[in-house]
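Beneath this line is the structure, given in structure tokens, with notes to follow.
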Amino acid sequence: MSTEYTSSEMMTVTAARALENGMTCFVGIGLPSEAANLARLTHAPGVVLIYESGTLQTRPDVLPLSIGDGELCESALTTVSVPEMFRYWLQGGHVDVGFLGTAQIDRYCNLNTTLIGDYHDPKVRLPGGGGAPEIATNAGEVFITLKHSKRTFVKDVDFVTTLGFGRDGKGRDGVPNIGRGPTRVITDLCVMKPDPETRELVVVSLHPGVTREDVRDATGWEIRFAEALESTPEPSARELAVLRELKEKTNRKHAGDA
Amino acid sequence: MAEFLSLHDAVARYVEDGTTVCMEGFTHLIPFAAGHEVIRQGRRDLTLIRMTPDLVYDQLIGAGCVKKLIFSWGGNPGVGSLHRLRDAVEKGWPQRVEILEHSHAAMACAFEAGAAGLPLAVLRGYVGSDLPKVNDQIKFIECPFTGERLAAVPSIRPDVSLVHAQKADRQGNVLVEGIVGVQKEAVLAARRSIVTVEEIVDDLDVEPNACVLPGWAISAIAVAEKGAYPSYAHGYYDRDNRFYKEWDAIARDRDAFTAWLDDNVHNAGGQS
Amino acid sequence: MAEFLSLHDAVARYVEDGTTVCMEGFTHLIPFAAGHEVIRQGRRDLTLIRMTPDLVYDQLIGAGCVKKLIFSWGGNPGVGSLHRLRDAVEKGWPQRVEILEHSHAAMACAFEAGAAGLPLAVLRGYVGSDLPKVNDQIKFIECPFTGERLAAVPSIRPDVSLVHAQKADRQGNVLVEGIVGVQKEAVLAARRSIVTVEEIVDDLDVEPNACVLPGWAISAIAVAEKGAYPSYAHGYYDRDNRFYKEWDAIARDRDAFTAWLDDNVHNAGGQS
Amino acid sequence: MSTEYTSSEMMTVTAARALENGMTCFVGIGLPSEAANLARLTHAPGVVLIYESGTLQTRPDVLPLSIGDGELCESALTTVSVPEMFRYWLQGGHVDVGFLGTAQIDRYCNLNTTLIGDYHDPKVRLPGGGGAPEIATNAGEVFITLKHSKRTFVKDVDFVTTLGFGRDGKGRDGVPNIGRGPTRVITDLCVMKPDPETRELVVVSLHPGVTREDVRDATGWEIRFAEALESTPEPSARELAVLRELKEKTNRKHAGDA
């Protein structure tokens, strides 16, 4: 399996492998959507993909640019209203995994998609919470995927848009009817999981060719490594082929629209 | 009872300076034609409500129509920022826009509650989020049966909602099909509503449980062909994802935006 | 994930003595075949939930399966009383049935809240009614935004819901069409659910916004042809209004009822 | 117009005339349904009939026996779920008139459909509230139709299932977001309206051939009569013809089902 691949492809394939057949997955747009559809087209054909636009069990041929592209509805089992999606399907407990991206993440897996700087005088205004705050608390567990950098991996997020484990790692303790929260973070460098006690993120697996130093340099706090640090399995030729075809079809479709 | 009006006349009748306006459409069926008509008529000091502001609100904000924005996700989906929104919030151009932000779940529930005639929506939401610190409309109540702490937000009750749909029959009954978003709720929650449609037909010809808005629940209907473009209308035309990507460059630059607005809105005449 | 079982096996697996069971269907698609199977299996001490008890609950009550009934309208629609229900409540035959009654609006909202995973439903209801005096589950809360006093009821969360629908595909996805009542809510609010269907098809072949229950939200599917009779299945067969009228005489008399039950349920074999 | 007619027909025709074209009417089963459909088939073709089964703007060819017969859905503009019906359409304020029947009514228009006698040891157990409690408070106004008798018209109902104006006539005073309540009661003898001050029912119109004595004998309290007591206009030949055809078609349909 010595096929060449990029670090982005490594990230997407690893994220896809986190999903299992039969799981119901509430899919965020962008990297999560790419990973979730790759899973569906490879090892997990029975994964159920749900998008917040109301499309249940969708099987798009190309990746949607937005969360509500026509492909999602046309290939879905059924499409419900947005209130129903959030009330019956997410809050109602039918989502096993919420798959999220983020702009900023901190050591306790809190996510910031609101803004950089001060709320009332922002340096950078980001899009906002969207579905994430309730996906993160109402789904059974949460997977997060994003590129690794000191800008995105910060010790404390500027704003907790979406709860990981709170400012002190105890944000879910004693809260009734709440999901397990983030169980893994997949980047282009490694896989991290929260420590079972402190909830602080710990690197559990390094991608092939990546060093501890690479991860330290891209993380805004003193990142810890698991004692039994693993090496992430490489993408298979089939995974890469399917992913590349999917992205190529997607690019052709989105460029060709007129 | 729905009146059939031109889009110009419908907007002129129901959208005034200072009105609280909701234009909904979750990616699909976004009422661009109606939004452009609001810009052309030069409305000012609007409070805009919308879960996903999208390009149509970027345009309204850049055109100087907006005083306040209530939203839950303000980006160009899959592309990046809404630069006109950011310019207004970060730099106050063309004027400062006040923002009040929610999560999607809370706004969806607030639309549902508005349609249901209730003053509040209750949800299991905002747990551990900082959003309640910056939005004083988010409160928490205790369930009288279980003691659980639940979030409460005020229901959404716009002065007027503008939505786009596939078609209306001659009695003004409207079919919305595909990704239906919160359009039904937006119309039912509002005091007045304008629905633009691709076409008027003799018979909607639908299944018993299709999403149909009765004419007696709508104030005005206006035909606007391709009225959702560059968003899309399921069964009529696709989303122009290329334009969505191109918008990033147009909206990044104040002059490029102003030129685009002149060419495509102010001097485009509309579909009156 | 929905398992395909015989009706006998589905009921045997999920309905035990003492279970809280909801059989829904608002006049349409009432799950008679499933109700009869519960009677045949001799279940006891059930708590039954249903907005409109109808004949199927009259039969379950008369057969001695029921300890408690939660409902909002218990009659033979357009005909008169449910005599078995009345006999149980007024005379304790074959045993006393405890009742907890609501209004339709409150139960509909409680189903909605159950499907939405909430512990309570909030509505503008029960104003001036004596029902809160005899149902201690009805409480009132104050809206934190407006101060308005609103009714609150606990959400409905049955152990198991039994509903009937037109058809399922081979993945266990189910179409409910026509008067859809609270069936979707009943299934989603329950811990387990059994859906009986008229037939299994290769493809549901539906419009995008049809009322479809995904197979992964259902516990078991059982084929039960004419499984809603004497209620009806839109697109398959009509309501037997004549039988609904005849039921009045059958149910009025304990012996006539017992004989009917023997002939049509106990000794009818079912569709296993 | 000297066509012969029964007192039941007089009641139905008078009840039908209360509805105006363009009104949205939430229709109770039985007498209200008969009257509402007669209105639709005669002077008010544009009346919008809504049944609690979720059928919006329905136009049945025969009268439904139940609130959810197939005819209602097949002839409706659209059919929504029951939660949506009660939340968006009734509570949401889209119903002009709620048209109700009842088992018992008192001088303040309170309705009892729950039971006769004591709640915990009932003499007669009635079907219960159904949609009525919220129809009566969330609709713009309420029309009530039922047969006149001492058994049904009582001074004080045994149980207030559904609010008219409360035990003292002041039950709606100061309540926010509540409809006007009952504005007329139509029986086989007369038409009554609540007194604008006290809310006590007052006879405003006697049906042809009915005397004050007839009404007094059939009412369980000292019923008052308006100073300007009117005589209810007789049914027209067309109204009677349409009503009789509707009932005949209905009977044939319901008997013929097998």
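For reference, chains read A, B, C and D in written order, and residue numbers begin at 1 within each chain.
Assume a contact is a pair of C-beta atoms (placed from the backbone, for glycine too) under 8 Å apart; a residue touches a chain by one contact, two chains touch by 3 or more.
Heads up on the chains, UniProt names are A, D = CoA-transferase subunit beta; B, C = CoA transferase subunit A.
The model shown is predicted, which means the values in this text are computed figures rather than measured ones.
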item	value
Contact-richer chain pair [B-D vs A-B]	A-B
Approximate Å spacing (C-alpha centroids) for the pair chain B (CoA transferase subunit A), chain D (CoA-transferase subunit beta)	40
Rounded Å distance between chain C (CoA transferase subunit A) and chain D (CoA-transferase subunit beta), as computed from the means of their C-alpha atoms	28
Rounded Å distance, chain A (CoA-transferase subunit beta) centre to chain D (CoA-transferase subunit beta) centre (Cα mean)	57
Residues within chain A (CoA-transferase subunit beta) bordering two or more other chains	73-74, 79-80, 87, 91, 138, 177
Junction residues of chain B (CoA transferase subunit A) - those touching two or more other chains	112, 117-118, 123-124, 148, 178, 180, 184-185, 206, 208-211, 234
Overall pattern in which the protein chains touch one another (line/ring/star/complete/other)	other
Listing of all chain pairs that touch each other, if any do	A-B, A-C, B-C, B-D, C-D
Complex interface listing, chain B (CoA transferase subunit A) residues touching chain D (CoA-transferase subunit beta)	1, 112, 115-118, 173, 184-185, 188, 206, 208-210, 212, 214, 216-217
Touching residues on chain B (CoA transferase subunit A), where the partner in the complex is chain A (CoA-transferase subunit beta)	26-28, 51-52, 71-75, 77-79, 81-82, 85-86, 89-90, 101-106, 108-109, 111-112, 123-131, 134, 148, 178-182, 184-185, 211, 232, 234, 238-245
Touch list for chain C (CoA transferase subunit A) against partner chain B (CoA transferase subunit A), complex	117-120, 122-124, 137, 139, 141, 143-146, 148, 150, 152, 154, 177-178, 180, 206-211, 234
Footprint of chain B (CoA transferase subunit A) on chain A (CoA-transferase subunit beta) - complex, ascending	29-30, 52-55, 64-70, 72-74, 79-83, 85-87, 90-91, 110, 114, 119, 122-134, 137-138, 159-163, 166, 171-172, 175-178, 253-258
Chain B (CoA transferase subunit A)-touching residues of chain D (CoA-transferase subunit beta), taken from the complex the two chains share	22, 24, 48, 56-57, 73-74, 76-80, 87-88, 91-94, 138, 177
